[in-house]
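Labels run A, B and C following the written order; every chain starts at residue 1.
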Amino acid sequence: MFAKTARGDWLLFAIFTAVVLAAPILFAPIGAGYPDLLQKFAIYGLFAIGFNILFGLTGYLSFGHAAFLGVGSYATVWMFKLLSMNVLPAVVVSVVLAGLFALLIGYVSLRRSGIYFSILTLAFAEMSYKLAYSVLTPITNGETGLQVRNLAKAGVVNFQHGDLRILDRAFGVVEHGVPMSNLFGIKMSGWPGFYFCAAALIIGFFIAMRISRSSFGMMLRAIKSNQNRLNYTGVNTRPYLLAAFVISGMYAGMAGALLAVTDPLAGAERMQWTASGEVVLMTIMGGAGTLLGPVLGASVIKYFENIFSAINENVLHQVFSWLPQGVQDVVVSILSLFVGEGWHLTLGLLFMLIVIFLPGGLMEGLGRIVSLFKRGKAASDAAQNGQEA
Amino acid sequence: MDAILLQVLNGLDKGGAYALIALGLTLAFGTLGIVNFAHGALFMLGAFTAVSFNKLLTLQKVVLDTAHKTPWGDPVEIRTPYVEAMFGDFGKFMVDWSVPLSILVAIPVMLLIGVIMERGLIRHFYRRPHADQILVTFGLAIVLQEIVKHFFGANPIPQPAPHIFAGSADVGAWLGLAKGTIVYPWWRLIYFAFSAVVIAAVFAFLQLTTFGMVVRAGMRDRETVGLLGINIQRRFTIVFGLAAVVAGLAGVMYTPILPPNYHIGMEFLVLSFVVVVVGGMGSLGGAVAAGFLLGILQSFASMNEIKSLAPGIDQIIIYLVAVIILLVRPRGLMGRKGVMED
Amino acid sequence: MAILEIDNVNKTFGGLRALWEVNLKVEEGAVHAIIGPNGAGKSTLLNCLVGRLAPDTGRVIFAGREVLGHKPHEINQMGIARVFQTPEIFEDLTLLDNVMIPAMAKRDGSFRLNAWRRVAARAELREEAEQILEDVGLAEQRHVVCSALSRGDKRRLEMAMCLIQHPRLLLLDEPTAGMSRADTNATIDLLKKIGERGITKIIIEHDMHVVFSLASRISVLARGTFIAEGKPDEIKGNPKVQEAYLGGAQA
């Protein structure tokens, strides 16, 4: 779609930025033009972009990235409790902590490759998840989840009676009612919240684009293609992999932080391996190794999750009210399998279909459609372009 | 001493379940080269075969008894399962023994499911990267789960063990210890024995039959066996069916221990994968050994004495052991060189 | 002066002796062929030189430094490059990328986190890469993805990947195996052209036509040890060599 030139990249970036910023208007016709959902698009898009730096470029399939998402969320809520409801310190600390955590896990896990690597990351993430529910309850608040509370009275220095928020206190911030995350006074819910996430997404996309086009990015692709050759070419692959792992862990930490920014609550279920599976799904569905694919995959999944899970039998009966009663009942009972609670069934099916028929994800599909229009150009050529965009 | 023995016993039934699932996983991996994330779903389907069979047996015939009235003045309903109405005492026996009897149903059902899965989906992924295999079977697992959830709901459905196995066995007394020192539920002992029998049967099948010989040769060197002109496709299908049956039976017999719900398979899958990797991908003996080892280690970690030394250790022991083993012995306990390293 | 000195290297595989008291000196600038019957230990020796295998005992000194005990990437950074028996290239990248990666490894060392600057902006790398593709006659296909190449072209690409690093020692493991006569001759010409750059080469080869066209010196390996060494003419007439080959053929 876009050539590998600097101009092509700037064009891609400009279009991406414009689409993200105009999302509230663009997505309104399909019923997605409201902040809560768009925030999810941006946050999970960011998560998937970061995951793609590891999986899409190097081919190392991590099944434990949810752990970094969880660390980001917990760190953010803790910063809200300790320092300030201002999101900046929270986000910075979360990203750094997630990065350190990723450094630790990555250093150990990357001693192995293939499915052994996948299982190691899975093992670490499951350990984090189980510990968050059990021994680490003082930090994570166990099953209830970690929440912000009202300020403790002046002079109180333990959490029994409320949060401390040292910085907010020092600056004499006055709280009314439930404490809200904010950026220098702008509340991070609704549209401002979305635009904060959107800014993070745009910056994240830009960084990922630079990485993808850099020498570093090329080395990562070479690892995926033939790690053995790379070793005999004088490249020490381990630090490259570790750097990619840490960077993608920081993206996950950022996404976790944003989840807590838009809704100041952190629970351990965010770290469960199914959550790691979700980001794999998003990346694959959009197109692993492509720049736009992960964001697209994340948005599509979150969109359909939102639409499908909201539909129930009553809605279906209304939609198919024009059918004769008997037929209507049959149609509704079949379709109800796939909506509402059954949304996961749709997701599973969709996912299988993608892996079976479109291994390159939606980006490959788009590439094929584009090639249908551009007659004379080979289909494989277009698929190739899809890979690059 | 008896405390240690009790923990070993505690680990055996869980270890048996891990070993059975891991056996099928590693069999499918070793012969077919497929990483099957839907293997846990097969365990779950086995469990729900037992649930369905039990439901079928307990379908009730309702007769109104006009001679007796309830306190509200309605005729008393007499509910009898059809099988009892039809077969009398034998019917009662069938209802009571529904879980063990489910095995007879589960074998053909699981074989069929396995064959359909292999022919319909798995076969087309032999030559695809492992990541693709993981992803497509992961998708399949979700689909199977959701279908089961649709029909059986989200709540666990308890299954009773046959009456005579309801109590506990005084294992301590058998071993000459004082009475009541080691008391252990009958059904869990049965489960362990059952898993041992199934494992022995699978090994005997692989060791003693010509079919098994070819399969084992295939696990060592797939290409050569293919070159020998042996119809490897059909054998693959049967091997996959066998793996499905083993996982299904593990699920059937586990129902009285843990009431199954739709995602019971996923929980076991993750642990079983760890078991397979710890044992060494593609090693049958490794899978069985690691299954029991991790089951027993887990029950030891749940001892209060250990938990007070290392809080939370019971939650993470399996993963911790897996990490250590993978780092110290990259190919697992009994893995061969070069399997799944790229 | 010898650039490579192999000193009393031994390697056994579970009791099986693969290399036994192997000694070899390779002069700087030489084209040194190692020949020998199948299973003589040629590939094992090469694997020891690049760090894929660790010998049980012995020393390998390259340009005054010990090679053994170093990882493959460290050995490459010392200046040893290797062409494999079956081409090891980056199959799903373009030809240009394939040669730019080793060029980067040469410039940036074994690790450098260069994650911001566009590769395309490194003009000097690109020029160098295009030049080398020109040299091996693959310039026109530079934007093609490698998996589409013929085996002969893959081999030439792999040579380009090694040459762009300006190695001091180039190891070639049967560079013409499985090639047609025409491809073989093209490869010989290419190797002769490279010869003009003064890179020391060790060639493992079965094809005597290739060996005698290129080698300035030949060593004969049989059953894990060197049995003869000399100029091509000396080797041709050596009875021990003939016996080793015949013995190898019978076994």
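Operating definition for what follows: a residue touches a chain if its C-beta (ideal position, glycine included) is under 8 Å from a C-beta of that chain, and two chains touch if they have at least 3 such contacts.
Since the model is a prediction, treat every value here as computed from it, not as a measurement.
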Could you run down the chains that neighbour chain A and chain B together?
none
Compute the centre of every chain as the mean of its C-alpha atoms, then state which one is farthest from the centre of chain A.
C
Taking every chain's C-alpha mean, which one sits closest to the mean of all protein C-alpha atoms?
A
Cα centroid separation between chain A and chain B, in whole Å?
34
Expressed in whole Å, how far the mean CA point of chain A lies from that of chain C is 45
Can you compute the centre-to-centre distance for chain B and chain C, using the mean CA position of each chain? Integer Å is fine.
52
Mind listing the chain C positions that touch chain A in their complex?
50, 71-73, 76-77, 81-82, 88-93, 97, 100-102, 104-106, 108-122, 145, 161, 165
Show me the residue ranges of chain A that touch chain B in the complex, using the header's touch definition.
59, 61, 108, 111-116, 118-120, 122-124, 126-127, 130-131, 133-136, 227, 273-274, 277, 280-281, 284, 337, 341-342, 344-345, 347-349, 351-352, 355-356, 359
Chain B residues touching chain A - in the complex, by the definition given at the top:
35, 121, 124, 128, 130-132, 134-136, 138-143, 145-147, 149-150, 266, 270, 273-274, 277, 281, 311-312, 315-316, 319-320, 322-323, 326-327, 330, 340-342
Residues on chain A engaged by chain C in the complex (per definition of touch):
4-6, 9, 210-211, 213-219, 221-222, 224-226, 228-237, 239-240, 243, 384
